[in-house]
Structure formats: C-alpha cells, structure tokens
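Chain lettering (A, B, C and D) follows the sequence in which the chains are written, and residue indices restart at 1 in each chain.
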C-alpha cells in the first residue's frame, strides 16, 4: 500500500486504504491533514440502456500506470495535497464489484474534493482502460460518453 | 447505522459506514449505484495560526439534527442520490480524531461528488456546532471563516 | 413563557446557558413583540450583555430554525442566540 | 523496428494484438514518416482495416503518450491505436 498508483486484478480494501491515507510513512498519524475525500466506482446493474451482469476490463500495460501518474502529478501541482492513492482493477468483475478507488488528503476540504474529482474526470478520458460488459443482450464494448469529455474540459476553465 | 443522521460522542468506523452505504435495507447489495463519495474531517495539528492539541465540540441539541436533516433533504432534491449518511461528533476530541463523516451514493459520480461537497459546505455554515480549541497559546473559540460562507454561496449560482 | 438559550463564546461571556421569560408578566419584556426587540431588551441588562449582544454576526433561531430579527415571538417559543457556527 | 499495438474493439475487429514493422526495410512502409502516414498505410491492408482505422475518434499513442498524427516516428517507437477509453 506504499505505492501511490496500483493497477491490479485483486480487490482492494477501502478500510485499509483509508487508514493508509491517515498514516505517515514512519507509521505516525498524519495530523497535518484535516480532510480526506474518497471515491469508489463499482459495477452497477444498468448502463447505456441494458442490464449488466458483469464486465471485463482491458488495459494497456505500462501506459496505464504512466497515464495515472501523470494525472496525479497534475493534481498535486494544482492543489496543496497530502497523500494521494489511486487503484484501478483489471480483468473480470461481477455486479457490485469495486472497480476504482481514489483517495486524497489535504489540509482543507476544498482541495481534497476538487483533486479527487479532477483525478476521476481525467482518468475517465486519458487512462487506457476499456470495459466490455456482459448484458441481457450479450457482450458489448462500453461506449465513451460526451459527458465525460465535458467533465474534463471544465477544469480548463476554472 | 440505519439512521441517516447521527450526532454522537463516540467515534465512527469508516469501513462499517462504507459497507452500509453499499447495502440495501433488506441486506442485499446496492447495485443501482456506481459511485460512492465519502468525506472525513479530522482534528488537524495547526489552525488559524496556532498549534492545536485537541478541541471540544459544543452543539445545540435538537437543532443540530434538524439542521442536518434539512441540508440532506436539500441535497436529495437537487441531485438523484441513493444513500446519504452524515455523522458529526460532539464533546472532547484529540489530535487526529475523526470529527465528521459524509457519505453519498449515486448512479453517477458527478452527483455523488457535488452532493457530498454541498452537504459539507452547508454544514459548515448552518449546523449549530462550535469548536473550542486547546492550542499552544491556551484555549480559544475557533473563528468562523469567510471562505466557508463563499463556499456555500457558490451553490446559489450553479 | 419563552425559553432563551445561549451558546459557545456568547454563553461563556454572559455566563448564562438558558433563561426563561414571561412576555406577558415580566414588566421589562411586556412591550417586546419581535426577536430584535427581545435582543434589545436583553442588551439593557448591563454593559456586558450590551456588548455581547451587539455583535452584528450573532445568529438567532426561533424553534430551532435560523430567522431574522423581524420574527414575531409567541408564547412557548424556544429562542437561541449564538455566534457563527464552526463545526465540520 | 517499431511495435504497433491495438486495443479493445479495434483489436477485436482487426483480430490483431500487435505487429512489428521495419520502417526502413518493409517496402510498403518505406515512405512512412509520421503517425498519420502509418495509419494510412495500415488502412490499405484490406477493407476491414480501412474501415476500422478510419474511425475519427480513434486515439493514437507513441511510447505510451497520446499524440496526434503529425508525430514523426523513429526506430524503436511503440505505437498504439485504440478507441476512446472507458475505465473508471
């Protein structure tokens, strides 16, 4: 859990990740930061008009980590952040499985909120992952959505 | 943990709260919602110019719950939300102790992010809690900050 | 009868948590109709009450809802005065 | 030598994960200088490649960074073509 970025097949433990965000590398508690924001994305039962039974996540090994590191670096340059943790799963996932975790600490809540949302908005457009869903009408690749492009673009204006 | 709002002296367990957000009232897993955002506020070591050793949280019993319920209701009217959970502690707290938890689920990440931030921004201005800090220069009441008023006001414009 | 509550630094500076006023029989309060008039009457207690209640940032609630000074008071109301909140 | 990778629905429609091209010795690719020229040359393979690589939304990366078609290719590059991403 010392790595800032993980791309992995295995599940993650929200409680352990939260504790790690509150702990300094020397084991003492991180009392500089008053705000912790976390985001978890899960496989939900309905998407793009069909019922979903599960999905497979394909990725571009090497580039995925590089893209996520670049996104976290941009967030750290933009806001005064404490710790940042990003986990993205790959491979076969079932309904309600956890897909992605982003956790950010900061002295102030606004920075933690904005950075978490920024990381997710950039991840959705720039990190090379692709979802293939198993639905009630068969397998299909998930379509990228315009709203995700817009969500990323609004950071250019802020 | 079935209550949406809790004002309590005892600590809360992030892992249990997260699990509860993912579980329907009949015990099945909440597979409608693909996004979970949480916020935790903690006692940090430096505030308004001084080192903090701990604090006492005073509140207005009865009104606190009413104010928090009103804030959650506003958030639910504004965004399509799944579950919402708010916990605020009162009484004596030490450095790094957890103060407040807000957790929100939704089908979409944007609603979950915005509602969590909205609830915190409103809580900071409208919920009758007051912090008295023990610092390196003695006890003092925390001063309300203009930036919290501005953080709330921006929701009127959106 | 109305109940008046004070919180945080205001409670400490007045050295008063709570006070009960009978608007119809307590002579000093017989002409009090609104929340603002109640505040003005309470401020007459002494110099300390005067300065403590003069703070323009003070918030006021009636029956656990924040309201402004024009609010008309009625028997049974729970009134509260407090500084800007600092939770979260 | 450059390595060319394909992902997701593009990988499936081409039925190809990866391909190696020698820009200096593979006759068809000798005039390829830029990423866009590489795409155009690959599209000449057959009708399926033509239509699959014509998708205006296709993303291109060189050495694991997304770039546009004007990027000049050099020996040792890792090139990738893929549809808009859908993780998170």
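We adopt the following convention: a residue touches a chain if its C-beta (ideal position, glycine included) is under 8 Å from a C-beta of that chain, and two chains touch if they have at least 3 such contacts.
None of the values given here were measured: they were computed from a predicted structure.
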Inset, instruction - Can you tell me how the remaining chains group up by touch if chain A is left out? - result: B, C | D
Inset, instruction - Going by C-alpha centroids, which chain is farthest from chain A? Tell me that one. - result: C
Legend entry - Cα-centroid distance, chain B relative to chain D, in whole angstrom: 49
Inset, instruction - Round to the nearest whole Å and give the separation of the Cα centres of chain C and chain D. - result: 74
Legend entry - Between chain A and chain D, centroid-to-centroid distance (C-alpha), Å: 28
Legend entry - Multi-partner residues of chain D (each touching 2 or more other chains): 88
Legend entry - Residues within chain A bordering two or more other chains: 41, 109, 120
Inset, instruction - Chain pairs that touch, all of them, please. - result: A-B, A-D, B-C
Inset, instruction - Give every residue of chain C touching chain B within the complex, in rising order. - result: 5, 7-9, 57, 61, 64-66, 80, 82-88
Inset, instruction - State the interface residues of chain B toward chain C in the complex, per the touch definition above. - result: 41, 57-60, 62-63, 66-67, 88, 99-100, 120, 123-132, 141-144
Legend entry - chain A-touching residues of chain B, taken from the complex the two chains share: 14-15, 18, 22, 29-47, 95-96, 107, 109-110, 112-113, 116-117, 120, 147, 151
